[in-house]
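In what comes next, subunit A is part of two complexes: it sits with subunit B in the first one and with subunit C in the second one.
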Partner chain A sequence: MRSGRKFGWIIALFLILIAAIVGFNARATAKERETALIINVAARQRALAERYIKDVLLKVEGFQADPQEDATQLQRTALALLEGGEVQAVQGADATVTIHPMKGDWKTIAKLQQERMLIGKLLRTGNALLASDRGNPGFDQQLMQLRIIGAQVSGITSDAVGEMTKHAEVALWRLVWVGVALGLVGAAAAIGMALLLKRIGAQQTMQFRSLVHNSSDPITVLDESGRVQYQSASAEHVLGVPSSELLGSNITELIHPGDVATMAGAIADLLQHQNSVSRVEYRLGRGDGAWRNVESAMTNLMSDPTVRGLVLNTRDMTERHESEEKLRTLQAERSSLLEQTVQATELERKRVAAELHDGPVQHLTAFDVKLESLRDRVAREDAEGAGRLVDQLQGQVRNEISELRKMMTELRPPMLDERGLSAALSEHLASIERDADLVCSLECDLRGRLDPAQEVILYRVAQEAMANVLKHARAKRVWISLRENDGRIGLQVRDDGVGFDPSSISTSPMNGHFGLLAMRERVEMAGGSWTVTTSGGAGTIIRAELPKEIRTL
Partner chain B sequence: MIDPRRSRRFVVATVAAAIVGLSACTGGAPAAHGPSLAVTIRDFRITASSSTVAAGHVVLLVHDLGPSTHELVVVRTDLPAAQLPLRPDGLLVDEDSPQLHAVDELSELDVGDRAQLVLNLSPGRYVFFCNLEGHYLGGMHTLLQVGSDRDTGDPDA
Partner chain C sequence: MNATSPGATWVSVPRVLVVDDDEVLREALCTLLSERGFEVVGEAGDGAQGVSLARERHPDVVLMDFRMPGMDGLEATNLIKADAPLVQAVVFTAYDDQTLDLEAARADVYCLLVKGCSPQLMLDMVRQAARRKWELESARTRSPFRVDPT
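Right, the complex of A and B next:
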């Protein structure tokens, strides 16, 4: 902006200078012509004076002559040279010449005044001669006097003309020197402007190159055949090879074979329309053999003499594509999980219903039969038999209470609400140790109770992990730890079992690893992280970490 | 009451005397070449500060009061100053005449110009004149009598 304004000022000054030079030259030429005319007019006075004398002599001798006309012209010209006015142009010119009053040149003025005075004297002498008779004794002397004065008029006229010429030459030289000086100034200004333009151009080119070269998005210039003419430095970040190695390559050699036709078509279409822009997505090959998903905005600048090519502004879309792919996978996982959750809920209800049917309902049915039997024994007053039956019934009721309590604990351990996560886990592990050949240990360095939601999540994760250990791990020992670190709550369940192939859980949630995925989903939805570390024969470690403030599910 | 015209004339005369005096003092080391003679030339008259001078070196301090351009020709002759021989046109002095012995000359003196002419004059009659068209016949001539020291003495002394 500043450069543009500066340039405008320089152009304006340059034009003013050019106008001054042209104007000055025009004025100098006019002045020179005017001076030449005035000098010629002044020189003509000498001829007029000589003609006047000749006409006087002719008239004295009785010939036809008009000295008065010469006298009039002599006087008019003398007056015009001194005080300005219009006189007949010199011989050969038709127009009259306008003479401006003489100023500033005292020598010329003095000589013109003397000329005028001598012309007056000449005319008086001439008139006296014309009036006198040839036989008069003083006639010859008067004639001689006329010639002398005529010679003096001629002399002073030549003198004045010489002075004018000298003055005109000085003025002309002055004009020439000023013209030369103006020309030199103009030439210097032109050279300066050219240098400035060159500098501005170089500066703009450098700025443009710097902008293009340092652009984060790779910028490529292709010729008509798709060959790389220019490649900005940022291409190395995308392609992994220096930009210089790409020069001269054809773009079709750099892109995925499946996208070559698309690119060739896009280039062909673009070449049909000057200054048009089109966008094309394709895969660009890295030096290491990997492919990057990119999008190029292509502009046809073939008609721009400074570019003469197709300009590609390329953006690496790989990470965006990967993010979109990851999002799609997560959405699929989530919808699958939701479906599994619904199914699991139904299965759980069926299981609870089956357990109630097979356990308490059957037991209560049997209990009902035994109560009927008890009624018969009471009616028969078989006190001993009734007493034994009551003992059996009481034992069965107690067993049933125990079974129901166990079922209830699995559904929602009361200990979790009453005494917290550590106590609930201890009770759960003790229950497992009673029923299975497994040694469990629990380390807990939590200070006080956690948020109830955190306790439920971590309890379920530990419960699911222990269920997996019991079902699949064939482990002898399990170590569970609960720790608080930098405000995050961490749970780790480690066993010495057979482990499993971790890749089998990353493909699909439908492959029988619903428990692991449910664990991960539950933790991640609460803003935490979940990992599993395992390999065949090396046991399994499951880690879950929750933030201090968790999201409400 | 002082008459302004007289007063102005007095100032002009004083300045002119000062200029002439300054010229005499500074105009080309006259002491080394002998006495100086102020010569003024104008349309159409020549005036010398003296009409006689001792033989030997004489420095002419010439001043053209114009307004015309003039010249100063110095010849030795026995003819009267106003009767020098003329060329056939009857307007210019015939400087090649055997009656005139050319001594020296100053040409092209423009109005206001000052010039020096150093002459080594032997006793005799000398005429100064301007030989431009119509100037001599218009009256531009004067006579200088050069005598021995015994005859004339130093006019500037």
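Right, the complex of A and C next:
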């Protein structure tokens, strides 16, 4: 906007300058023409004076002549040259020329005044001669005088014309210089204007080029056969090769073989319709052999003389495609995980039900049966038999209580709520050590209790990791650590077992590693991170990290 | 003593085989049965062992747990009855489930008892099952061509 307004001002000034030059030239030309006429009129005085002398002589000799007419013209012209007025432009013609009073040129004025005075003297001498007789003794003397004065008039007139010519020449030169100067100014203005226009044009071109060249989406111009005529620099980001290398290549050489037909069809359709736009999705080959998913908006600008091609505005959709794919995978993973969670919950319920069936229900039924036996012994007054049975029953009831406590602890360790994560883990490890041939060590440098939700997550991760160690690792030792660092709580479970192939868990939760994936999901949902490091024969390290600040889900 | 001899049917001692995977319960059942005048001819910890003992010891009644590792109670009952169709089975289950009744009926189980019922009921059922077996046996002995209406 600002450059447009500036440009308008410059154009206006340029036009004013051009008008001034043309006006000045017109006025100066008119003035020069008038000066030339005046010089002509002034020069004619000399001829008039000579004709007057000739007419006087003719009249004196008795011939037909009218010196008076010449005298009148001489006087009128002399007056007009000095004070202004209208005189005949050419001797004997009707055309007149208006002479403006002479001003400024004092030398010419002085000459013209002198001429007028001499003309007066000439006319007076002429009149005296006309009045005298040819035979008069002073006649020749008077005639001589007339000729002398005539020569003087002629001389002064020449001087005046000379002065006038000189003055006109000076004025003409001045005019020429002014004209040259104005011409130079005009030329300079025109050059300036041209440069300015060029600069503005170049600036706009640069601006446009920069916009096109630096647009994040590559812009390509193709000819009718699909050959690259222009390629913006941003293509390098997408394709990994300088855009200059693409010039002259056919678009079909750059795209995936599976998409060539689609692209060729789209180009053919587009060429049928001027100024039409179509969109096409395809894969572009990178320099390194990988493919990028792109979408091009193609415009047919064949009829535009500044383009004469198909313009492709291409957007790299690879990351979007990848994100969508990742999202789909995540959704599938999550949905699968949800299904597995539901299944796991059901399995857990089934396990609890089976434990209740196999344990408490059988044993309580047995107690019931034994109490029936006890009733018999009491009725028989078999105190010894009854006492034995009571002892047996008491032992079995205590055993049952212990079993139920174990089951309860597995479901939800009371220690976790009562004394926190470290104590609950310590109890869990002690119970594992009692039942299995495994040495466990626990290191904990947590400062105080964590949020109960975090304690449960980390406990379950450790519990699952330990279950895996017992089931699969064939380990001799397990090291568990709980640390707090930079506002994050880290749990690490490391064993010296056989390890496993980590690639088997990376694909999907369907591969039978539900426990590991459930751990990861549980930790990630709480805003933490989870990793497993393992390889065949090198043991396994499971790390879970949670932010100390609680994330609300 | 000999349950199979005619005329001695109602005073004979029922011969019982106890099959249960829970040792505590099995031992309690055997003790109570013995104390109440039943003859416990054997005890087995799973279905397969139960089938094998039944072939060997010829019980009148098999007191069988329903849910056991490996062969379950109904399958074992089917196998036992395939060898000795008159042997009666009293099946003991922790599940109070209507669908089990159907399965039990199909396996020709004498009765299905839910664990938690009174031990006396269990003893009565075992006794009745033994009687049933004897009735069937005596009917067969009296006339191989007569169909017993009971």
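By definition in this document, the second predicted complex is superposed on the first by the 294 of 553 C-alpha atoms of A that agree within 3 Å, B and C clash if a C-alpha of one lies under 4 Å from a C-alpha of the other, contacts with A are read in each partner's own complex, and residues count from 1 in each chain.
Here is the rule we use: contacts are C-beta pairs under 8 Å (C-beta built on N, C-alpha and C of every residue); 3 or more make two chains touch, one makes a residue touch a chain.
Remember, it's a predicted structure, so these values are computed and weren't measured experimentally.
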Checklist entry - Regarding the shared-chain residue A:Gln396, is it in contact with subunit B (first), subunit C (second), both, or neither? => result second
Next on the checklist: With both complexes overlaid on chain A, does A:Gln114 touch subunit B (first), subunit C (second), both or neither?
Outcome noted: first
Checklist entry - Does the superposition put A:His357 against subunit B (first), subunit C (second), both, or neither? => result second
Checklist entry - In the superposed arrangement, does A:Arg147 touch subunit B (first), subunit C (second), both or neither? => result first
Next on the checklist: Just to be sure I read the superposition right, which of the two partners does A:Ile156 touch: subunit B = first, subunit C = second, or both, or neither?
Outcome noted: first
Checklist entry - Which holds for A:Asp376: it touches subunit B only (first), subunit C only (second), both, or neither? => result second
Checklist entry - Looking at the overlay, does A:Asp368 come into contact with subunit B only (first), subunit C only (second), both, or neither? => result second
Next on the checklist: With the touch criterion stated at the top, can you tell me which subunit A residues are shared between the subunit B interface and the subunit C interface?
Outcome noted: none
Checklist entry - Hey, which residues of subunit B end up touching subunit A in the complex? => result 43-44, 66-69, 90-91, 110-112, 132-135, 137-138
Next on the checklist: Please output the residues of subunit A touching subunit C within their complex, sorted ascending.
Outcome noted: 357-358, 361-373, 376, 396
Checklist entry - Within the complex, which stretch of subunit A touches subunit B? => result 107, 110-111, 113-114, 144, 147-152, 154-156, 159, 162-163
Checklist entry - Inside the complex, what are the residues of subunit C that reach subunit A? => result 20-22, 24-25, 27-29, 31-32, 35-36, 67, 92, 94-95, 115-116, 118-120, 122
